[in-house]
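So that you can tell them apart, the chains are marked A, B and C in the order they are listed, and the count of residues begins at 1 in each.
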Amino acid sequence: MKLKGTKRIVFEVIAIVLSIVIFWVPFCFVIVNSLKNKTDAAQLDLSWPTSLQWSNYKEVLIAQDHMVIRSFVNSTLITLLSIAILVVVSAMTGYVLQRRNDRWSGIIQFLVLAGLMIPPAVVPTIWVLDSIHLFKTMSGIVLVEVALGISFAVMLYRSFMATIPREIDEAAIVDGCGSMRMFFQMILPLLMPVTSTVIVLSSVGIYNDFVNPLYFFPGAKNATIQLTLYNFTSMYNTSWNLLFADIILISLPPLILFIFFNKKIVAGMTAGAVKG
Amino acid sequence: MAQSKKKTILALTGAVLLTSALTACGSNNNNGNAANANANKSPDAATESPAATSDASSERYEKPVTLKLMIDNQTSTEGIKAVADEIEKRYNIKTEFDLRPGGDEGDNLVKTRLATGEMDDLSFYNSGSLFKALQPEKYFLDLTSEPFMQNVVDSFLPTVSVDGKTYAAPSGASQAGAWLYNKKVYAELGLSVPKTWDELKANNEKIKAAGKTAVIGSYKDSWTSQLIVLADYANVTADAPTFADDFTNNKAKFADTPAALRSFQKLAEMKDYMNKDYLATTYDQALKMLVDGTGVQYPMLTFALSNIFATYPDKIDDIGVFAQPADSADKTALTVWMPAGIAIYKDGKNVEAAKKWINFFASPEGMALLATKAKPEGPYVIKGATLPNDAYAGVKEMMPYFDNGNNAPALEFLSPLKGPSLPQLTVEVGAGMKSPEDNAKAYDKDVEKQAKQLGIAGW
Amino acid sequence: MQKASLTKASKRFYTYKFLLPAGIIYFVLFLLPTIMSFFFSMTRWDLVDWDFIGLDNYKTFFSESSLNIGFRNTLIYAVVTCGLKVVFGLLLGVALTSGLRIKGYLRSVVFFPTLLSTIAVGIAFSSMMHPTQGLINKSLALAGIVGPDWLGDTSIALLSVAFVDVWKGVGMATVIFIAGIMSIPEEYYEALQIDGGNAWDRFKHITNPLVAPAMNSVIILAFIGGLRSFDLVWAMTKGGPGFSTDLIASIIYKQYQGGFYGLSTAGNVILFIGVSLLAFPLLKLLSKREVDL
């Protein structure tokens, strides 16, 4: 479809108009209303604020004893810890799985696939967490996020491993490298491209996760950023300006990530999704 | 094993269940309440403080004692803090507030803390079947013979008692499930408070004709849709006095009991009088409509008066309260929600101090202090505690129902059964998606599901 | 994968010990609960003690309309979201691999919503879908159209939520399609051009068949995602009005909230079985189709 001339221009104009209506309007709607005062925001329209009320943001940040900030800290910690564990354990798994092919690897691959599809059993997971005293703890939610993220990460790693020639391993074996040393010193650095994909995608997923913290990390002190936002809907349901300000605040990290890693995300996504 | 297993299941499931049902109804008590302790029922408690036997309520501790008080974070603690400050002054007992979440999450937390033995000295918790579902006899101190319990209004006691023993003191004022109305608009339109359901409908017609919303619906917060059904219970009980017990024992159903079915029918009859956006309207928006007079009547719990006062302080005296009318005027009665209870954890380290705490809190003096910060949303259930002069006009309007005895506790204080799907079912009836008869049946099934999960005898 | 000709040395090298950390976490927090769920779904359970009650929870689940409404809704939701994501994703994928000069911009715009929080998106859209004050109906009113009550009308509420799901998720589908289309060798198109095919022929004879692997990924991901969906519905309608937008996952949550842990777990098992029954055959079917081509 190599469009040419006027046809292309018409097509492009239509595309731009559609993208504005479908995607930009909601963004602008939220941004504009987050800067209005309470009365104006109640109109829920797209008009420009009579005066820009940046204090909305401050108000959201300090509300309920700095709830947003505290939950932001929680979410950040959960995300960082989960990603760190996820990357190491999934890379090791993807590496061995790709390099071996025996009766076990088939079963394991089935399990990986299952992990991608099957919904986690909620209450029994709580029961397990409770039995090992990790229910409602940071470690608990981190491990749950890892457990539920392993499948996806392993698949990305496994398919990427296929592009790393075996000769590299063999050379290392000949050099008398230990298996641990070889993996961490030679393979893991080579996995860097896919690692960055895993980091970006999983961190967005975990940061935005609502369901797992809802079940496994309840408690006012434990609040994550998504739960806080959710709870604010009832608290602020007559103050749309504050609710929208909160939405903007919590959307900033994905936005920043997007600005810096846009190309990488898309590239990594596609590599993983299609081959995997 | 099976026995204790069953019990635990009953208690725990019950707790969660009922809390979900109740909190769905948003009943948070904004008042303080008192817990007290009776050491003689608990060997642990008895060993802790030899002083337990003598009434030490007037003594001041030499070294400061700190009590932890668990309370949900939706309850305003200002009034309680005022009382706690006074307690600290008098007895050198400090109060450390341990805020827990409200709703199901909070109930789960309380449940877990009890089960794991990490409960605070004092805990605020909904009275009624919610409280009983915690198995208070297992975890809380028996307060039956404590002197301060003599202050408590009798009607409160059954809501915190198991097998004739009382485990909590009231945290303050009661509230009602009733109709809030805008008195200004009522006066403008020349309306008077309806004594019968037909009068209510006649009022609705006049309000509608005046271009205003007669009945505010706020079904976006689906718990608010239950109110017409719940607030009707005092009328139901006038016609069917044994309904609560029969209902609990699987002998009476909403669908088969005309008086109870009537509650659902009344809800259905209000559809044409509601605001256009009732499915997208929230509780807070509803309050705003009521205050500015675009909506004139709102079936709600009277804790809403505090919310109105907080947001629109100058409008609070425009808002009145009347009981949901019965079909005949002589049966119209107010449905009352009891205040939360304060219980003492019997394995706590400071049982004696906790008793002192409640002894002061649950007294007319304590209530008066409470009233300086938190206005009551209904009459106090402490004998001798009177409404402050600056009480909400709506609360003052509730007094005749108490003075004449025209009131009854809500069903949820009398029966442990409250189906968790009631909010959804009442939305369907209120919005005309389902008939009241169908959903009364559906509610009976929902209750049956709950009863079976609780393992209640006879189900 | 290489043929199974690993030397003993390399076997020692690619030791399964490497799988242990991931394996332990995965087993303890995913497999074990999944296995346990079959047992607990047949109990009355309070997390500490249980009573075995056989299949009662399943009977309740299937007989009670407030519970089994979730089956129908979930299926509708999964089919609608998946179908729309495939259609729009493919269209966008084709458009964004064509000669448009603004394709970089469009890719970014379409993809960005997938990175946003579902809760945030749900809240923003439910405010825009307010029947009288919402932006959507206000705009329609300008054109003289009286918009419906998007989330209040029980006949369309589920579809409204599904629409938002598509809005948020179509970027993912698009990106996968883009990758699929770009992996098609240019020579195929060149050959067609020599034969004198037009744009439609290009799509029909080359893009469509050869994009099948990408299509399979999209279908599987979107369909399973739809079946498991919870947070968007919860943020927008909480399953209401009444039960009209309740999905299995939201019903599981409500039973959990109600303290019916056994019942909630039964719902979990039903969802598990449903996903397996639908997803694994779908996977097989789709990969067969891929081979046939």
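By definition in this document, a contact is a pair of C-beta atoms (placed from the backbone, for glycine too) under 8 Å apart; a residue touches a chain by one contact, two chains touch by 3 or more.
The model shown is predicted, which means the values in this text are computed figures rather than measured ones.
The greatest centre-to-centre distance from chain C, using averaged C-alpha positions, is reached by B. Per-pair tallies of C-beta contacts place A-C first. Chain B and chain C have centres, each the mean of its CA atoms, that are 41 Å apart. Averaged Cα coordinates give chain A a centre that lies 16 Å from the centre of chain C. Across the assembly, chain C contributes residues 45, 47, 130, 133, 261 that each touch 2 or more other chains.
Those residues of chain C that touch chain B in the complex are listed here as 44-51, 56, 60, 64-66, 130-133, 149, 151-152, 154, 238-244, 254, 257-263.
Every residue of chain B that touches chain C in the complex is listed here, in rising order: 2, 4-6, 8-9, 11-17, 20-21, 104, 115, 219, 222, 276-277, 279-280, 420-421, 424-425, 427-428, 431, 433-434, 442, 445-446, 449-450, 452-453, 455. Listed in rising order, the residues of chain A touching chain B in the complex are 218-220, 234, 237-238. Considering their complex, residues 73, 99-101, 105, 108-109, 220-221, 282-285, 288 of chain B touch chain A.
Of all the residues in chain A, the ones that touch chain C in their complex are 1-4, 8, 11-12, 15-16, 19, 22-26, 29-30, 42-46, 85, 88-90, 92-93, 95-102, 104, 108, 111, 115-130, 132, 143-144, 146-148, 150, 154, 162, 166, 169-170, 173, 179, 182-183, 204, 207-208, 210-211, 214-215, 225-226, 229-230, 233, 240, 243-244, 247, 250-251, 254-255, 257-258, 262, 265-266, 269-271, 273-274, 276.
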